[in-house]
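Here is the structure we will look at.
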Amino acid sequence: MTASLVDTPSVGAQSAASPPTPKKALDAYRRVRSQSEALCEPLETEDYVIQTADFASPAKWHLSHVSWFFETFLLEPYVDGYQAFDPLFTYLFNSYYQGVGSPFPRPERGALSRPTVKQVYAYRAHVDRAMAELLENPPSQHSADIQCRLALGLNHEQQHQELLLMDLKYNLSRNPVLPAYRNGELERCPEAKPLNWIDYDAGVVSVGFSGAASDGTLFDGFCFDNEGPRHRVFLEPYRLADRLVTNSEYQAFIADGGYDRHELWLSDGWEACRRQAWRAPLYWFERDGEPMEYTLDGPHTLDPHAPVCHVSFYEADAYARWAGARLATEFEWEHAAAGLEPTGHFVDSGRLHPFAAKDAGEPANAPRQCFGDLWEWTSSDYGPYPGFRPDEGAIGEYNGKFMCNQRVLRGGCCVTPAGHTRLTYRNFFYPDQRWAFNGIRLAAGSS
Amino acid sequence: MTASLVDTPSVGAQSAASPPTPKKALDAYRRVRSQSEALCEPLETEDYVIQTADFASPAKWHLSHVSWFFETFLLEPYVDGYQAFDPLFTYLFNSYYQGVGSPFPRPERGALSRPTVKQVYAYRAHVDRAMAELLENPPSQHSADIQCRLALGLNHEQQHQELLLMDLKYNLSRNPVLPAYRNGELERCPEAKPLNWIDYDAGVVSVGFSGAASDGTLFDGFCFDNEGPRHRVFLEPYRLADRLVTNSEYQAFIADGGYDRHELWLSDGWEACRRQAWRAPLYWFERDGEPMEYTLDGPHTLDPHAPVCHVSFYEADAYARWAGARLATEFEWEHAAAGLEPTGHFVDSGRLHPFAAKDAGEPANAPRQCFGDLWEWTSSDYGPYPGFRPDEGAIGEYNGKFMCNQRVLRGGCCVTPAGHTRLTYRNFFYPDQRWAFNGIRLAAGSS
Amino acid sequence: MTASLVDTPSVGAQSAASPPTPKKALDAYRRVRSQSEALCEPLETEDYVIQTADFASPAKWHLSHVSWFFETFLLEPYVDGYQAFDPLFTYLFNSYYQGVGSPFPRPERGALSRPTVKQVYAYRAHVDRAMAELLENPPSQHSADIQCRLALGLNHEQQHQELLLMDLKYNLSRNPVLPAYRNGELERCPEAKPLNWIDYDAGVVSVGFSGAASDGTLFDGFCFDNEGPRHRVFLEPYRLADRLVTNSEYQAFIADGGYDRHELWLSDGWEACRRQAWRAPLYWFERDGEPMEYTLDGPHTLDPHAPVCHVSFYEADAYARWAGARLATEFEWEHAAAGLEPTGHFVDSGRLHPFAAKDAGEPANAPRQCFGDLWEWTSSDYGPYPGFRPDEGAIGEYNGKFMCNQRVLRGGCCVTPAGHTRLTYRNFFYPDQRWAFNGIRLAAGSS
Amino acid sequence: MTASLVDTPSVGAQSAASPPTPKKALDAYRRVRSQSEALCEPLETEDYVIQTADFASPAKWHLSHVSWFFETFLLEPYVDGYQAFDPLFTYLFNSYYQGVGSPFPRPERGALSRPTVKQVYAYRAHVDRAMAELLENPPSQHSADIQCRLALGLNHEQQHQELLLMDLKYNLSRNPVLPAYRNGELERCPEAKPLNWIDYDAGVVSVGFSGAASDGTLFDGFCFDNEGPRHRVFLEPYRLADRLVTNSEYQAFIADGGYDRHELWLSDGWEACRRQAWRAPLYWFERDGEPMEYTLDGPHTLDPHAPVCHVSFYEADAYARWAGARLATEFEWEHAAAGLEPTGHFVDSGRLHPFAAKDAGEPANAPRQCFGDLWEWTSSDYGPYPGFRPDEGAIGEYNGKFMCNQRVLRGGCCVTPAGHTRLTYRNFFYPDQRWAFNGIRLAAGSS
């Protein structure tokens, strides 16, 4: 691997940024690593073990896999005589890197009682000790690569922090006991203002990472390879809603037969809807006739003014069609959000559920909630940008090989680590997936 | 339905075209209808019945379904007191129009021995008689709609002529007897010239149907709704190969471990490849160590200079990656083919298999084989153009609801009816589908 | 193969019977062979082709497979220089004889349009010519084996005649058109007399084939290997119903919640019932609120006095439990039927549907309908009799390898060729199978 | 429920036995209950949670379900005002009693992290306290029923002790780490003596429970309902092997192509073998070319002289056919074992793996290892004995509804609680199941 992962010709600003000092690097490493463990504090030992669907990995696995990443891509190549904690972990905690060998089958991650949770923490400590040594005394001939991979490894661990909460929510929700991840209160949202449309003119715009990331990123100038190269696209005139769709708006769609009217749905969506018997977003249910929602704080009465959450692309698309609108392309979204601060409601807020849009945003007449609250489904197929070329070797499997059959989501959500996301960040899921914190923002052609 | 199906603001040229006279309309109707039956002449009665995969409908079904289309969208609405041939056929031969009622399940089309082939031809004759009456004396207040739907119905039947041959090829190929659709000779191709690249500059270009279709279309100015509205896109500089990839080139990919090297494949493609145990294009096999290919003319020795055929998008994509290239977007393709005559090797040639590119094309330094020979996989997700709005009612299900999870193919193939395809024509298949006459053209960024 | 297939020590009567003369053998051969073709007379060409479930083979396949049996087990071994009609047929029309090579997959029998029906009849004629020559001039050193295998081959073809009708009924029934196999009338049954119980004492009885078969068998003294050796079993006292359960009795079971009361069902049966959504016997349906039944003569109003038909073992067992009774063991059945004439309502009656029991039977106080009308589910697992030993070679796969997971049925049915069944005949199906002509006779412990 | 569950007319000895005193009952209760917990001592918390196949329930579930049994069938009906530990547990820990409500789906037992292990033990303590009160002061009008259900509940818990070890073995074995349940040594077996045959004459024999159980049972005179009524069967002359088949004998079967020769297998068995890719008994593997076996004590070199273990019925049947023998019927087995002490190698030995037969048995010329070591597959379908009638209500679902599609096994195994099994005890599994401690004893017809 070369620095090119984050230092492509079109991402020039990055190389200009001064590299972090050993101390800054180690601090960042420790901050991210401890955050993963902090998220697990409310868990019982048993909660670390279960996997209730192929896509919802055990907490134990996440904690191990992110350590495996540092072991595989930093400690093995750059520390002479590094002693792996357990050679079998290379196999057990490889997610999908065929280049590192055939991974342990994903649907069977919940079949493993060993290593125990205690051993997993010992594994983390082992890796942390070795990483501290490496970061304090990086071999000079590899320091650039190490910085590069460290940034990637930390951003990778942050991605898994988000996945950890998504997966825990799903895994706990399958239990008729409906255990809460933690027992918090959930502030009710104020009534949402009527949705406003913001208009954008046609024209050629540049999209993709340009090197001017916000301070919070790990590290300045970092982006994933799928965010570049920066390039030009032409946008026809369009409009974007100034906030996310709310639960009460989505209830109107349901009340109007939304889940029974084939003409609102894509053909594949209609089939998924029938096969999986969707009648509402994931986690909605009724108790004594009252609409309820399962959250990381346990079951709560559905909040009509909160943004609707945990819908598939198919549902988002059907809702938009019902509303006489459509979803935005990822480039329409990026263009509209281009001047905005990438701040909002992230995991550091302590609230693990989306909140209503603020009444007044800055600047005025700009979309709100672009960053945080919920990942926003776009109509864009997740594909490579012109000139995209993944890195050499196993690390090149990070993003590129998934560029088919998935849809791009933008903006980050309420369980995303603060500072992790950015304007050009491209998240992606299959169109029938609902367990991420996904929401809906409407778009339309020009009026 | 209104004329808007083919008369959108951005497809203005069409409404300007004078409507066909009754005689011209009836002639066109008879020409297309008789062509369907001509294609079935080589068949035994038993060949009409079988369906060997969900996607490969029986010939009998195709002949009936296209008649159902005329019955449902022209005879029922516009002929007072029209007597349906058999009311049950509304159910049996509806393909996927939920608006017309729940269709008979697609995977069970081969479960029907009745109606017999003889009855199917009687059904066609019944519809033809009623259509002739309608076209000779169209009710004046509906004549525009009738023209519109006639054009759609005829283009629809042409699409099914192509499907009929694709499906017959697949269905017959499942038989260890390897029966030929017909017993023809297959001329061997001359050796292909080395592949040349043609360069294109960056810029904003307009794509989508503009109303200037070639004479051969049914009727002038017709396009499918998915080809519009015409709109602008920005293309970064790119290069396009001047011909399709050949069998011998694809053999080199195989010989180089193409089907065993995960790093060449998209993740979903690699999974499809493993699950379906792909080792070569569909229809390739070996006999006594010699490479063979099953064709509509039966098994033949593989022709190294013919274009490689019956590959999935995943294989096309993997081949391109192996070759250090990529597939074109549909707009790169359309821009490159924009000045070319939409002529080439179609079904009327009598050869039901792709042929090599001609050595010298006109104009010089232009891609050859853009039209005919093989549908060319593009990297473009099949989605709606900006401003796309499907027609009201069941007929609006024609294209729009499939705009997810599929890839666009361009150009037409050797079993496409001559005059049926055009510059802006968008065919689409799921990325793992191989039974259409699909091929590979390479593209790349600018040099 | 030796004569032991039908000439075991405990089946001694057979070897004592004088072998049939060449003329008698050829007559029998022609009679059985022409009967297969007579059954196909009502068919359209298309009806020969379809297969709508794994278990329901195309008519074309049955006609070919029985010919393959003669070719494989008589012509190939005993005719010098025999020329197979088509070498590929060895593969295509092998049902399950692993010893003859890997058979063509059963679920794909309906995928074959070729050989055409015409070719299938040509194949039959080819085999018939060769068989006639062989039977007229049997090589003397093999004449015993030839007689043995001829008897087996003819009984085998008779089994397939029954299967042919079962499979046709199923395959045609899947068509919403509900085409009839033939358009006959169905005489209504008179009201059934109340069910009487017949008592049997405890004791040791002998069961299994003893060589005293009725005249109608092909040939005298023939039995399948699974009917022997004759051996002793102990029967506790029991009672047997004197007739089959009727439709109106079964309707009472349904009306009493039979399909919704888990406590009436075996665990595996309850699961099958739920999974397959059983609410009534196969082929029952409603039209305008009236109970209907699909028969080989097309749809008819359900006859309340006809025996209930096309139920699985699980349904028969649940019905018996609801009725406070149980099913008989195969030995209870055989013991009770031991003195009765094996005559009844078979296919030669011309009625292809069960009829009510005759009011008065001979002898008095004996069960009626034991032979013909419907195969009767027993509670007996289909297993080998003590000392059972299948024949050497592929022909030994005929019965023995299926002796697991199936239930024995006794007596023959309305589509069984007359003279084909006998007291010791053991038919067998999986407990969830319903497409055979199966019915229910109640049994109980002693009063 | 009445006392008839264990006090049928043919099980008369039981009612004659004096009922256990409160103290004896409570002692027995505590002994069994504490044994369940003792078996879990070696476990890590995480080991209690996992379920790696539908059939292999989590340890946590076993501990809870057996408590649910006492709660449902003793505390709820006989303790006024009994407070359930958690009302939801009625749903979560019901195994298959439809009469108690729809049970939580079996395949999802491993999806539950809560209740935690700690809560499960609290649940057990809650039930134990209430049971102690009930047993010390049983309401006199129900004391017979309570004794009856107590005996059933304790025998039920013993069955789950065996299942617990079977399931733990399976669940741990799926982990590439191959963790041991405990780290014990495994004594190697001495070389087995050549197999001897013991002959039995033909005749009528009585089988089924007769009330003369050994002292060790809980309680004297207890049997499961499926063991009666006692009744007569006729046995033809037969022979039985004097010991179980060994690993080295089974290796000879494998070396002789046992897993590749279709003619040795039942048809369904051959299909299971292919589909599941069986090449050896479950838990056999190779390490560096050496044959190994996974045991509850972790991986060990395969012991050639130990009895072969963890084979399906299909494998046992195929092995027997290869050896020119067959499996015994359950009645042949019972008749042969009738005079023997029901003692042997059970879980109390401390060795959780089968051991070789003792060289000299008492009495001489009797089969050895009939009790303990391994459950012995018989050829008998698991069905009801003549006159069998399950109990009223949910408790009647204990055995009767499973009497289809399964095979009887006899004798108990090395993880069966001592005193739990008996001469007439009928265990049962589906013919493809391998994770129980199952082995092979050969039988044959008379010589």
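All chains are identified by letter, namely A, B, C and D, in their written order; residue positions are counted from 1 within each chain.
Assume a contact is a pair of C-beta atoms (placed from the backbone, for glycine too) under 8 Å apart; a residue touches a chain by one contact, two chains touch by 3 or more.
This structure is a prediction, so every number in the text was calculated from the model and none was measured.
J.: Report the chain whose CA-based centre is farthest from the CA-based centre of chain A.
T.: C
J.: At what distance in angstrom does the C-alpha mean of chain D lie from that of chain A?
T.: Computed from C-alpha means, the inter-chain centre distance equals 49 Å.
J.: Distance-wise, how many Å sit between the C-alpha centres of chain C and chain D, to the nearest whole number?
T.: Chain C and chain D have C-alpha centres separated by 38 Å.
J.: Please tell me the distance, in whole Å, between the geometric centres of chain A and chain C computed from their C-alpha atoms.
T.: Centre-to-centre distance between chain A and chain C: 61 Å.
J.: Tell me, which residues of chain D touch at least two other chains?
T.: Touching at least two other chains: none.
J.: What pattern do the touching chains form: line, ring, star, complete or other?
T.: Contact map by chain: ring.
J.: Touching pairs of chains, which are they?
T.: A-B, A-D, B-C, C-D
J.: Quick check on the complex: what are the chain C residues that touch chain B?
T.: Contact set of chain C toward chain B: 44-50, 52, 60, 88, 91-92, 104, 108, 110-117, 171-172, 174-177, 179.
J.: Of all residues in chain B, which touch chain A in the complex?
T.: Answer in residue numbers: 96, 98-99, 202, 204, 231-234, 236, 238, 262-263, 265-270, 314, 317, 326, 379, 381, 383-384, 386-387, 396-397, 401-405, 431, 445.
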